[in-house]
Amino acid sequence: MAKIAFIGLGNMGGPMATNLVKAGHQVCVFDLSAQAVAQVVEQGASTKNSASECVKEAEFVISMLPAGKHVEAVYLAPDTGLINDITQGATVIDSSTIDAATSQKVAKALAEKGINFVDAPVSGGVGGALAGTLSFMVGGSDAEFNRVKPILENMGKNIFHAGEHGAGQIAKVCNNMLLSVLMVGTSEALQLGIANGLDPKVLSNIMSKSSGSNWTLDVYNPCPNVMDNVPSSNNYQGGFMVDLMAKDLGLAMDTAVNSQSSTPMGALARSLFAMHAAKGNGSKDFSSIFNLFNKEN
Amino acid sequence: MAKIAFIGLGNMGGPMATNLVKAGHQVCVFDLSAQAVAQVVEQGASTKNSASECVKEAEFVISMLPAGKHVEAVYLAPDTGLINDITQGATVIDSSTIDAATSQKVAKALAEKGINFVDAPVSGGVGGALAGTLSFMVGGSDAEFNRVKPILENMGKNIFHAGEHGAGQIAKVCNNMLLSVLMVGTSEALQLGIANGLDPKVLSNIMSKSSGSNWTLDVYNPCPNVMDNVPSSNNYQGGFMVDLMAKDLGLAMDTAVNSQSSTPMGALARSLFAMHAAKGNGSKDFSSIFNLFNKEN
Amino acid sequence: MAKIAFIGLGNMGGPMATNLVKAGHQVCVFDLSAQAVAQVVEQGASTKNSASECVKEAEFVISMLPAGKHVEAVYLAPDTGLINDITQGATVIDSSTIDAATSQKVAKALAEKGINFVDAPVSGGVGGALAGTLSFMVGGSDAEFNRVKPILENMGKNIFHAGEHGAGQIAKVCNNMLLSVLMVGTSEALQLGIANGLDPKVLSNIMSKSSGSNWTLDVYNPCPNVMDNVPSSNNYQGGFMVDLMAKDLGLAMDTAVNSQSSTPMGALARSLFAMHAAKGNGSKDFSSIFNLFNKEN
Amino acid sequence: MAKIAFIGLGNMGGPMATNLVKAGHQVCVFDLSAQAVAQVVEQGASTKNSASECVKEAEFVISMLPAGKHVEAVYLAPDTGLINDITQGATVIDSSTIDAATSQKVAKALAEKGINFVDAPVSGGVGGALAGTLSFMVGGSDAEFNRVKPILENMGKNIFHAGEHGAGQIAKVCNNMLLSVLMVGTSEALQLGIANGLDPKVLSNIMSKSSGSNWTLDVYNPCPNVMDNVPSSNNYQGGFMVDLMAKDLGLAMDTAVNSQSSTPMGALARSLFAMHAAKGNGSKDFSSIFNLFNKEN
């Protein structure tokens, strides 16, 4: 079993750390919220007064933070960065969804101190974090990937090696940009059918078995009451928030701008999700974009 | 076995009629091209001097024509329309992809003469027509659907009942609009990954097993050499032509305009496919839209 | 002075006919609404029991109707079409905004009877109709243009010769598609500035004097209280309704589909105006699209 | 007359510095390119061995640099940043087009040393720089604006006060995003007319005098041979490069993402210009986007 430090115990990080505890690892957790720490400690984790102390003896340091600036600050801040505390030969696993450039910057700085690094953003949401069925998209060398894989398997089901440092972030950004396009495209197509008299259950069934088949139509249908147990049938509660999709699409746009890539559909999706969020829907599930195409009475 | 008249023996109609012959039906075929007629007659069909003569004793009349104006003319033209020749109680199956309004107009006119009608556009392309594995999206009453289903099963695998007259066309239009969005979205996402150093095979595998999963990514990948036996790995030959996708997206826009529906992604797809066609790619497979996002040297 | 029949006395047609009366012409008006007829008769027009009777002695027949199907029916309906009543050598001026194909069809049918025709759709709205300051975009031969010009000058300020039959409709569609793009683009740009702390008056002034200058920014600003006497400063009342812009954009999409033209911005505008109309804003001025980009509290 | 240091003598900076010399100021110039320096020195400027030496006695320091990272480095780099050399009470004018956040960061750091700052990006291109007719969009306090205005008037015609620090950059970004939308929308509308048989000169004239009027149509028409003396009539040479528009649209997208603003048309324009650049058109004038909508033979 491994000695693991886990930094960042939000909606995702909390259950991920808990799954590591359950798998038998020695896990030292840290978060600015004492309550978040207490919940995981209750499950058998230890804690210390600071992240610095947590990482000192760790073989693996896992972080789950909101944005690139937090990741850079936590690891590289002059004087207080964990780079000063992590032992040589240890491996950092950053599961935050951030820009690839920051991942690469952190990777490079850590490498100069003999510390390994992978970016390993996840998909699967809070449900996947709780169930230990997340997908991890890993950026790092083959050796680094092989070292982290067994650890990640305690928290997820699909562990993908996307490429070198930063490639995990790129894969995540590409996937989520595509996901947003699938969701908007599916919503439009269903609404076009409804406006022309079709039953959305019938139309969903036809398209799912035809070339319109896609994840959002087949297993996460945005039209209420076509499927059970999806957010659209629960007033768009739970699932993956509009605000988080908007954040990921912001990263996608950064990536597209920096690589001078043309992404008309992804860019349109970002503007539509931003519009939807601005109308007070930021904390609903992202499938609620379906309502943007509703006709009001 | 049934007596069937088959009008319109193009790339799709020819093999469809041939499959009916093979299933043991008595098939009388007609097309303006003597060569097209000869090919199906060689397989065992009969022919007559005109469509009018073909339909006179038929229990089923199947048509496969390019556009709504042809369908309307063939059935309803004053004096020459087949409405004057088809026997009461017979059933017309129009498998052309046309606007729903024309389908409904023809259905109504035929009904007044005691002739049944279904709109039954197909998906699956020339390959599906040859293999007898087409999908049919059928618009008509339950009775009409039940009557045509056994006939359609000789030409296809999935026979969907979409709803009343015109619903088959609407379902087709919704599916193909969604398909176009999937293809563009997938192309953008793959190109964004490639521009940022990812291997398209690796990225395709990751997204196919994640929430980016969709028909175009999973079974019809637009990036050359990710999959075997798809048009992208064969210089975009074969498959479903850009010009045909542009035509279907034109029908989708008509449908959206007439029902005052908002379809921003579908509309964007139409403009991108029109742009791609205008640059000389109209007869390539529609997955060649991938190249719109290429960087040239 | 000319003998003129005027068919269609809606919000636009009524004041247009009145201006012809004021200019001294003998105007016989017809509309299905007796009230609409009465209003223009009060100004000095005559009327008859039917459109047929009105046109019998007219040198010019002017029509202002809602859609292509009405225009085709009024002129070409078997038995009842005005084509049977208009005298040889007379000139039809159709000022309806409709598809060019219908204009061309009517022009051709009338020509076979020796009747002249121009399509002459207008811009300038109800205000321009009342003030006699409309713009007319005329499709027809040079001779036809020269014949109608003096008549149109009694109702409008700018009389443009766009080209042959149908060209007036095409010019109108192109202009209004562009207008919709200007309005959305201006709204986005102003809202982006506001969201980043700029005063919309200051930003409007800067852009109007720079390369962002355009009609919607300079004389029809969509941001409330930047300008006086525009709909945005009057709760988006009056002006050019969202529903009418959506109708014109529908014509633009038909035109683009039929000519296989790529119009990504125009298509996006249509979907955004359709979305805006579907949320209950159809009868507001089209500059209210500005609110689509608002942030709600 | 003022003592001015001018850093960055590219296509824009060179002629701007020259105009200051001509106006009688004492100008000390610096650039990494000795040749660029020599050209301005020939006009009467002085130079020194480093930027640091140039700024030491300057009342005004003007910079014209490619991107935010250069501006930050030039002024704030530890040890080597000009912040260490500029005298208290002097005023920095940064005319680079960069992100507002960097402008604000530099402004704040300089303020702590008692140095004034305005961001003052320009529009008007190389032609405007040569002719001294640039527009400046200035961000800073009223006092700062009043101090720099007379200096800027030696290089430009319109000097706008956009707001506080960073507001100049925001105004520039909003204007250029809108400009890109005008150019694409105008190109689409003209091409739609051409595809339907209209003469682009006639259509341009009609729309310019109607509600389609905008800067790109009226004074910078993208269709070859509609106007003289514009890039489209000179094989799209000269003017404002596609690559520069793409850069500005990248800044616009950053701004939109950071303020969670919805900018569907601006985002679409960015993707279209990126696509156009990727096909080898990066160094053409941005009106060449017109060709994206051409039909090839």
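Here the chain labels run A, B, C and D in written order, and each chain numbers its own residues starting at 1.
Going forward, a contact is a pair of C-beta atoms (placed from the backbone, for glycine too) under 8 Å apart; a residue touches a chain by one contact, two chains touch by 3 or more.
Predicted model only: the values in this text are computed from it and were never measured.
> Quick check: more C-beta contact pairs at A-B or at A-C?
Contact tally favours A-B.
> Look at all chain centres (mean of CA atoms) and spot the one farthest from the centre of chain B.
Result for the farthest chain: D.
> Roughly how far is chain A from chain C, going centre to centre by Cα mean, in whole Å?
51
> Taking the mean of the C-alpha atoms as each chain's centre, how many Å separate chain A from chain B?
About 39 Å separates the centre of chain A from that of chain B.
> Give me the residue numbers in chain D that touch at least two other chains, ranges are fine.
In chain D, 256, 260-264, 268, 272, 275, 278, 292-293, 295 touch at least two other chains.
> In their complex, what parts of chain C are in touch with chain A?
Where chain C meets chain A, its residues are 264, 268, 275, 278-280, 292-296.
> Which residues, counting only chain B, touch chain C once they are in their complex?
246, 250, 253-254, 256-258, 260-264, 267-268, 270-272, 274-275, 277-278
> Which residues of chain A touch chain B in their complex?
Residue list for chain A touching chain B: 100, 123, 135, 137, 158, 160-164, 166-167, 170-171, 173-179, 181-182, 184-186, 188-193, 195-199, 202-203, 205-207, 209-217, 220, 252, 255-256, 259-266, 268-269, 272, 292-293, 295.
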